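Presented below are the structures under discussion, each in the form of structure tokens.
Next come two complexes, and both contain subunit A; in the first it sits with subunit B, in the second with subunit C.
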Partner chain A sequence: MGLLLLCLGIGWWLWKGVAAMEDPEFIIGPAAYYIINTAEETGAANIVAAILFDYRGIDTLGEASVIYTTVCGVAMLFSKSKYKRSSAGLSFIARRGVSFLVPFLLLYGSTIILMGHMTPGGGFQGGAVFATVTILLCIVFGSSFEMSRIKPKTKETIESLGGLFFVFLGGVGLLAGAGFLANTAAGFPRGQVGNFLSAGAIPLLNIAVGMKVGAGLSTIFYSMVRVLELEFGEQMSEVEGNDKN
Partner chain B sequence: MILTLAVIFPLSSAFVIPLLHLYGSRGLRLFLPIMGLGAFVLTLAAAASGFGDYALAFFGGWPARLGVVFVADGLSSVFLALAAFGCGASFLYFYEQMGTGPWRFYVIFFLLQASMNGVLLTGDLFNMFVFYEIFSLAAYLLVSYSLTWQAVEAGLKYLVMGTVGAFFILLGAAYAFIATKTLNMAALAASFPQMPKATLIVIAACMVVGFSLKAGAFPFHFWLPDAHSSAITAVSALLSGVVVKVSIYSLIRVSLLFFGDALPSVFDVITVLGVLSLLGGHLMASRQQDIKRLLAYSTVAQIGYIMIGVGMGTATGIAAAVFHSFNHMLMKSGLFITAGRLAEEIKTRNIQDMKGLYYHRRGMVLAFTVLAAAIVGVPPLNGFMSKWYLVVASVEKRSFLAALALVFGTVISASYYIRVLSVFYTPGEGFSEHESRRPVLAIAALFSACCVVLGLLPFFTPIWELFVEVGSKALNTKDYIAAVLLK
Partner chain C sequence: MIQEMRFVVAYLFMAIGVFFSLTSVLGIIRFPDVYTRIHAGTKALTGGALFVLAGGAILAPSWQASAKFVLIIVFFLITNPLSSHAIARACYRHGIKPELIYKDEYGEKISNKKE
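On to the complex of A and B.
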């Protein structure tokens, strides 16, 4: 009861903080500037992508690094478990169905990444789709199949290369003297707004983030599913042992 | 350029290490020392570039209002130098002990260093939160690196509490953004005095609670002793020496920029938190039997000293807080390295089992003695100097209660450090005869020498005046706003 009152009190106090602010009638501040000038300055039709990868590009590098840190941590925490056996996977029908689906999923993921500067989407979302494909493979065909097709080593390579590619694209701006992660100011071609080849470095940065996120999320799932299978296997052998007794 | 590189170089090192490991480990052996040295040198260079005048780096070439900007001034310079030395010492310690084998440790280490430099340099509130996320995640992982159950439990506790703290910081940033429609700290500082009082109080409370949680001040400290004591030695030294100082820096920066003019009562709250954490930390430390837990509680108390300095809100107060932060990095990193190494060698952390350690590990115990004397505040060591300035600052501000707490806390800390030292120097038997390896001794000796030198330096050079200048420059928000927004 006391706790409830405390929560209500804090909520009321937070609400008063919001209520005290007056809402302006028009969009003001940097947001207004972005809406007016994004197309001209960056060539991106998607304003959100322009803010993420151009105006505030270093934030995006940071956010991608958060995922990178998490992946590294999950791999570290689960590194002691030894891989014993793979799950058997699902039935023939599920396998066939998924194999028909996979090419389209890959296409869908690539579209989201490559058109991120024109339509809603981008590296984070497309990378998540790619990770979903590997997770599907892992569930439907069993993790040893997934491991034999996409080696953990390959995933880690892709992930690190994605990060390095991002830093490299930023470094071009630094070398051009326009500041780290500069886009059109560093000489990346602006293109025609709405064209596939437009917005300078933004599509390339989307690819870099897509590599990092896709490989990273896939590694997280893979490291954790191995542990689950290990525990499952141990339980099974215990059950078998009990049966013998 | 150099400000950007101070963050980007360690970050790209973290990206390169897995590749080097996967494709031939000879590359790792060759490049790892270069990476460590490069990060150290670049961080120091960034510190040097910002010490005299404001140094700025604009990301993407956008002006500060539109994009993200890195700002280095005197305050961030001192903390950057602190981070460079602290990170360098634990890198050396770990490298000497483990070599290049545990490559994942180095990935997380460089991510931590990059994001700490980012927090210290950034001039954008949301960017600070992003770097905070990386650096907190890396810290949780480093705590549980050894994968013993104590370490994993401490890491989990740290994760939960740290996430709550991050939530408060994000909530404060969101309120600030809704109220002003901008995230740049200089622009925020310019528009904070016009903000309605109710909103201002919510933002101030969120920021102070969030940063105190991350720094481990008293009512929010309970993750800290576990995390700092169950981590491996190199990580304990890094966490106590550097990581909590980054939160102290953020607290100083945010409270001075945003609330210096708009809501001065924030500083009273910080002073009260400081006094609480000083007394609570010292009282808890005096009850500990485990040497690393004792040192960890002592960190809580020292955070209290620094927060009292911040809470004065004057140039001398900030200067004393910054000076004490630097000194505490030297003393506590040194103490954790010596005590942690001794505990590893004799395979116990119980103080009673360390009887007569002096007669078997002369070098390490001597270094520990100097460092402990410095942290207690024996004149003329550096701990005495910075505590003296803290007392001077609080007497200047007429808060005698804080000054009294400072003196009283010092007495308690003397009692429990003397207890440890008396155990070390009582004759006892039962240790294998071998002295610690040279490099570790060298780090310990270097840190204790620095304590002596920094204690004597204020008598010969105007180093204290330099710190006061840093403090008064950090207080001068108008110059900061002009430097960032008008360029």
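On to the complex of A and C.
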């Protein structure tokens, strides 16, 4: 009974918080500035994307390099040259269903990345969807299938290219004399708010971050699953024999 | 008149969906073992979410929005049985036997293949 009252109390509190947001008096400080000026200054309809990739671009570069460092660390810790690749996967139903779903998942991920400056989403979220696709392939079809389709070297290349592209876009701002990661000030066209081609460098930065995050997360998963297969490899190959039903 | 009818039908669908979700919660708490609980858990989606989404599709202002709801329903219909199938199969292969069972055809099939 007390728990129910607690839940109701917290729910009422949250509802009051959400309802207060509609009142413009509660929007003060930087929040008010961003809401008023974002569309004019950056051309992005998504204010969060504008803050992430325009006003706070260097912070985002820092976040991306955190992921990069994690990938380097995990790949180094779990690097063992000899391991058993597994082709044990899930049942026929799961294989058939996932192979039907994968193209739609890829479409969904690229939509999230490419529309990141207009709708909720962006490079980080879309990259996570791309990583999910490789993880699904790895679990459902076995890691040897996943590795034959997307080689680990390719993933590393994509990740490094994403990072380089991000820094290069920042360097364009330096060349134009407007500062690192400058957007419209560096001459990127602002476009019409809400159009697909708008917001200057933000879509390009989204693509760069998407490449980095997608390849990075999938590399982390792959290095960890490799260790699992080293330890449980024998069990898995035992299951493999009668796994075709 | 048609507008009001639409509201009534949509809220009826949503109420059915809420009922299914409630039964699925009760089932997850009350059922004895993993497999019956998976059975109850999937009802939250195949029964609950689908009916709520169908109600939303009826309420949606334009046919494009309704089409989006229908797409979501189709993807739920594909993915939900798939994932519960994979979970149940993994449980069985891990060695969890169902309680209160009088014929285990899947187990017989596996042991026949091993011999």
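Please note the rule applied: the second predicted complex is superposed on the first by the 205 of 245 C-alpha atoms of A that agree within 3 Å, B and C clash if a C-alpha of one lies under 4 Å from a C-alpha of the other, contacts with A are read in each partner's own complex, and residues count from 1 in each chain.
As a convention for this text, a residue touches a chain if its C-beta (ideal position, glycine included) is under 8 Å from a C-beta of that chain, and two chains touch if they have at least 3 such contacts.
This one's a predicted model, so the numbers in the text were calculated from it and none came from an experiment.
Q: If we overlay the two complexes on their shared chain A, which of subunit B and subunit C does A:S99 touch? Say first, second, both or neither.
A: In the superposition, A:S99 contacts neither subunit B nor subunit C.
Q: Thinking of the overlay built on chain A, is A:Q192 touched by subunit B (first), by subunit C (second), by both, or by neither?
A: In the superposed model, A:Q192 contacts neither subunit B nor subunit C.
Q: For A:S91 in the superposed arrangement: first (subunit B), second (subunit C), both or neither?
A: So A:S91 only meets subunit C here.
Q: For A:T119, using the defined touch cut-off, is the partner it touches subunit B, subunit C, both, or neither? Pick first, second, both or neither.
A: neither
Q: First (subunit B), second (subunit C), both or neither: which does A:Y55 touch?
A: The first partner, subunit B, only.
Q: Going by the contact rule stated at the top, is it subunit B or subunit C that touches a larger number of residues on subunit A?
A: Tallying touched residues of subunit A, the top partner is B.
Q: For A:V66, decide between first (touching subunit B), second (touching subunit C), both and neither.
A: After superposition on chain A, A:V66 lies in contact with subunit B alone.
Q: Which subunit A residues contact subunit B in one complex and subunit C in the other?
A: The overlap between the subunit B and subunit C interfaces on subunit A is empty, containing no residue.
Q: Subunit A touches which residues of subunit C in the complex?
A: Listed in rising order, the residues of subunit C that touch subunit A are 75, 78-79, 82, 85-86, 89-90, 93, 109-110, 113-114.
Q: Hey, which residues of subunit B end up touching subunit A in the complex?
A: Those residues of subunit B that touch subunit A are 1, 4, 8, 11-12, 14-16, 18-19, 22, 57-62, 65-68, 104, 107-108, 111, 114-115, 118, 126-127, 130-131, 133-134, 137-138, 140-141, 144-145, 147, 152, 171, 175, 178-182, 195-199, 201-203.
Q: Show which residues of subunit A lie in contact with subunit C when the two form their complex.
A: For subunit A paired with subunit C, touching residues are 90-91, 93-94, 97-98, 100-101, 104, 239, 242, 245.
Q: Flag every residue of subunit A that touches subunit B in the complex, lowest number first.
A: Touch residues, subunit A against subunit B: 13-14, 16-21, 24, 28-31, 33-34, 54-59, 61-63, 65-66, 68-70, 72-73, 75-77, 79-80, 153, 156-157, 159-161, 163-164, 167, 170-171, 173-174, 178-183, 185-186.
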